[in-house]
Amino acid sequence: MVIVMKPNSKESEIKEVSKVVGSLGLRVHISQGTERTIIGIIGDKRRLGDVPLELMSGVEKLVHISESYKLSGKTFKPEPSVIDVNGVKIGGKELVMMAGPCAVENREQILETAKAVKKSGAQFLRGGAFKPRTSPYAFQGLEEEGLKLLAEAKEATGLLVVSEVTSERAVEIADKYVDMFQIGARNVQNFQLLREIGRSKKPVLFKRGTATTISEWLNAAEYIMNEGNYNVILCERGIRTFETATRNTLDISAVPVVKNLSHLPIIVDPSHAAGKSVYIDALSKAAIAAGADGLIVEVHPQPKKALSDAAQQLSPDVFNQLCKDIEGIAKIVEREFKYGG
Amino acid sequence: MVIVMKPNSKESEIKEVSKVVGSLGLRVHISQGTERTIIGIIGDKRRLGDVPLELMSGVEKLVHISESYKLSGKTFKPEPSVIDVNGVKIGGKELVMMAGPCAVENREQILETAKAVKKSGAQFLRGGAFKPRTSPYAFQGLEEEGLKLLAEAKEATGLLVVSEVTSERAVEIADKYVDMFQIGARNVQNFQLLREIGRSKKPVLFKRGTATTISEWLNAAEYIMNEGNYNVILCERGIRTFETATRNTLDISAVPVVKNLSHLPIIVDPSHAAGKSVYIDALSKAAIAAGADGLIVEVHPQPKKALSDAAQQLSPDVFNQLCKDIEGIAKIVEREFKYGG
Amino acid sequence: MVIVMKPNSKESEIKEVSKVVGSLGLRVHISQGTERTIIGIIGDKRRLGDVPLELMSGVEKLVHISESYKLSGKTFKPEPSVIDVNGVKIGGKELVMMAGPCAVENREQILETAKAVKKSGAQFLRGGAFKPRTSPYAFQGLEEEGLKLLAEAKEATGLLVVSEVTSERAVEIADKYVDMFQIGARNVQNFQLLREIGRSKKPVLFKRGTATTISEWLNAAEYIMNEGNYNVILCERGIRTFETATRNTLDISAVPVVKNLSHLPIIVDPSHAAGKSVYIDALSKAAIAAGADGLIVEVHPQPKKALSDAAQQLSPDVFNQLCKDIEGIAKIVEREFKYGG
Amino acid sequence: MVIVMKPNSKESEIKEVSKVVGSLGLRVHISQGTERTIIGIIGDKRRLGDVPLELMSGVEKLVHISESYKLSGKTFKPEPSVIDVNGVKIGGKELVMMAGPCAVENREQILETAKAVKKSGAQFLRGGAFKPRTSPYAFQGLEEEGLKLLAEAKEATGLLVVSEVTSERAVEIADKYVDMFQIGARNVQNFQLLREIGRSKKPVLFKRGTATTISEWLNAAEYIMNEGNYNVILCERGIRTFETATRNTLDISAVPVVKNLSHLPIIVDPSHAAGKSVYIDALSKAAIAAGADGLIVEVHPQPKKALSDAAQQLSPDVFNQLCKDIEGIAKIVEREFKYGG
């Protein structure tokens, strides 16, 4: 970190700042410019804690030189992390495909979907059991009953299961049924939940918030990793912008940016970003071409009858064709995906 | 709601849509344009539930004519709500002032602040006990110990107490100590927490999320009100935009917009919006001039020693001058505030 | 368009609105809902001009059912437009590749670049002659001298030339040298310039503004087309959002959205969106995978010595490898690109 | 400026960077941290021009310590600028009020408006002659004829005249009629136009763009000032965000931020920010309470008959009441405004 002093800061102010920094066990390096003096801080900046240096007399501002996340960053671990989820490796050469309905609705629906997506090449079944919905008048999910149906579908197909948890209570319940937890966009900074997940060690699919910068997202991942759970898979799912043609704006650049800053795998959720099934095919291919480690796509056996987010779910046929195309693009970007159709 | 059919939709498609709508106990009204046919839906649109009309053959899109929130809207209750919090009325002629430190740190700090802000005219003491912080390495709050100190300060000064709750467990604990719950920006769509608060009947200060439209915010308030708790006070605290000169962009227009759409009171938090104490005075005055029902401002006896968000806390002296100015502006906009300095 | 009346609007207000609409040669269709009456307008809504219906007594709001652009929309022309630029077809099966330096600097630089990108498969040479720069202290372009060098490079390689015009004067000068005009993001709503271009009939590469919705962009294209110039090629180049890891946020969804709403071709400029050369490869592939009709990429023989936007220019070698990958992805999405390396 | 080297940068890379910086007549100051080396640059950073230091081997990124604008910043001129426009001082103790219709429509309209706003206390008459409109099918302004009518209204009332110029040609024409040019939001980075205005010396009302940060805005002002015209008055008029309840989001914080960073006066345009007349009163008061040096408000004798932006224009009566309230708020914030009603 660098402390920028005001244009006319006094010698005594510079000394005072240096003294405070020194008292925290850090060293300073003073550099006199033509207009301003800047004070470089040498050492682990976490030692500064919440000391409000920016309020000291003569200080103009603080400038962060390195990011404040550590465990999720490349400086901590330069080579990419490959995360093993009960046998399926995420972040390696092979791409991962997660698919399933927005919400688990009933046995028939989830079994039919599971069989279809398995056939096309998916390794994971997704399905919401705890559904936080924007309107309190909408379908809110089957909760534990839904998780049991997911487990049944896993039994029948061999697919692994990923499902969202929205509270500490949900974590406890879901732990018995899922192979991977999912933290949704709305909970990206629900730090209590993140710590709870951090203590569980089970892999977690960690979605970006719609108003979260990539830097804040990596800092939030730090909450999970700091508790000892390094099995974090990031998931870009669109950010909030002024454009309303799509539900959110898929930040496709997040894929190469995360690859540049972090060792964690990153997959893309085109369904929530687009909000309309007609755009999902294009965004899915774009994500893989951009270097994503996989996709999580909403598929429903009869999209027109879905109880939630019907507009953004693919039919099994459309999903099957998508998987075929993904196999082709994977090769061009030196990845692998086994289309099973 | 209006269903817009595609330019070349067929007679049979229009009939099919009408049939489905009719089967839900709603009536339709068909209007043939030069380019498109539109189908108006007559009746309570909640009956449509999650039926995916937009996926029906021939349908181009759905256009919402009225907002989906009911209880928080002016159609439901045209006159402004005045909420009584243990004797202090919010939303009436008198303005409300809530002040105190970002986080409760120790007895001395909170008592000193309470006495100072009470003297200037505040009716509420604020102070964080459960502190969700962006970095896991930062101070996380005193939890129940902090709430006890707030209660002690209340005892000593007569100020009412408002404090943030971040989980169902926190609601249970805080219920014993606070006069009003606060839901922070990060939990604006934590629907489980909202429902929990809804069941409690205690007044709640409900902050807008940084990526939440006003319409979505009023929909989220519906989660609380739908459980029977109508004592909701809205709080604008800045939204996320591309501008980085301030921590967030205070959406001052939210004040007149909410007054136009809703009967709920709205106050403003200039501290979190600005993120820098130097801007808080200007934004506070702007908020009252724009018609806000009050303010919640961060005040710390020694901002330079604050353990969290030091940069945005006012000293008691600066706060005192602000209260004096607020008294003056209140008169111009036909409100009242008793400056006590 | 639909006029939504207030919940308690009077019979006389509805009649008055209907009368005004009728007097403009349009018909109305009234639909009585449970809460509100809505008035559908039948006929060409351009007849409404600027008549402020939303200010009439009893009116709550106007709701647009169809978009206000006509010529750029699919209702006007359902099949995709293929635009012939002196022999190169844009919008058909073959992809178009435009490449070259941010700014034309000197003969050697532009000739070297032209030869290199031609060899890799590009059909167009790009290069800025009129350079609007954020700081007045930066290099501002060679103006006509730069255009002459582009023409010389065209002569030497057979590449077509595209270059930005920033004023009516620049249009006049550039007309002699370029095969296609480029309108930059900052001029997306410079309507005087758009009309000037509209009168010229020469094809135009029309970039989206950083704060322009897709709907506004298509409306702006209408300014050009309305003058008789239908040879418009859209170019997505990133929008302004809160994320700062990239210069702008590439709105990759704009590709399928434009394909859905408009018949105009759309290409992608990954260089200005990313602002950093390290991300251009990933974004270029994503754009083609998403269905873009081509790319415009900044290439400089020695990026480290570029006089403007050095950080976002590719070396000829990196560009060559990119072209090879594009050839592969093109096949998967049923397009064609002839890699020449 | 500070150059941040990569974690494992080599001694030779640091030397090479230092050599390049030194060759430009600047000095370096090297600071060895625990993780990274940083190189401070001492001297006028404009000497760096476009040298792409960020592409040099071993360099991670450049961090700007001071802003790149000079003439518009407080370091250049710490005390506020008071700009004299033919006798009316802007930026001093007295507030300035500019009012008038969106577009000049005819003699009667502009004379009636001028007399009304003069009576309420306005010092400036505004009115658009060159109207850049989003749709090509809308009213485009009376051009020179409109300017003549403004001059006539000036003659009749003594009000000064401000009107927008959208091209170099418009500058030439308007120069004969107006006391102050206006640069609209769409032209905030039309650098050719800014330079033209810079050469004219006539005061200019310089609106912020809807996607322009405050820092970029001050940089753009630099284009005007760099040509010798220091008579720049800034005008905040709303930025583009995800919120759609208002046309744009008024960034009220821009007022204190600009006061903190720049010596230039700043006024607020609530009409374009809100887009709806019902919100203009609240936003106007907020702007003055926040410390703005004045307002520019749209007023039309018969808003319902306005030819452009009818929804956002105030009637003379509503404007008159607003002026009365502004007089009251002005006193509280130690400013003056003479309400004349």
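Letters A, B, C and D mark the chains as written, and numbering starts fresh at 1 in each.
Basically, a contact is a pair of C-beta atoms (placed from the backbone, for glycine too) under 8 Å apart; a residue touches a chain by one contact, two chains touch by 3 or more.
As the structure is a prediction and not an experimental result, all values here were calculated from the model.
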(message) Going by the touch criterion at the top, tell me which pair is linked by more C-beta contacts: A-B or B-D.
(response) B-D
(request) Please name the chain that ends up farthest from chain B once chain centres are defined by their CA atoms averaged. (result) C
(request) Provide the C-alpha centroid distance between chain B and chain D, rounded to the nearest whole angstrom. (result) 31
(request) Could you put a whole-Å number on the gap between the CA centroids of chain B and chain C? (result) 39
(request) Express in whole angstrom the distance between the two chain centres, defined as the mean CA positions of chain A and chain B. (result) 27
(request) Mark out which residues of chain C touch at least two other chains, giving numbers and ranges. (result) 211, 240-242, 244
(request) Considering only which chains touch which, label the overall pattern as line, ring, star, complete or other. (result) complete
(message) With touch defined as at the start, can you tell me which chain D residues reach chain A in the complex?
(response) 2, 4, 7, 29, 31-36, 38, 40-44, 63, 65-66, 75, 240-242, 244
(request) Would you pull the chain D residues touching chain B in the complex into a rising list? (result) 211, 213-215, 239, 241-246, 249-257, 259-261, 273-274, 278-279, 281-283, 285-291, 325, 328-329, 331-333
(message) Touching residues of chain D toward chain C in the complex: what are they?
(response) 46, 49-50, 52, 54-56, 68, 132-139, 166-168, 186-187, 189-192, 195, 209-211, 216, 219-220, 222-223, 226, 240, 303-308, 310-311
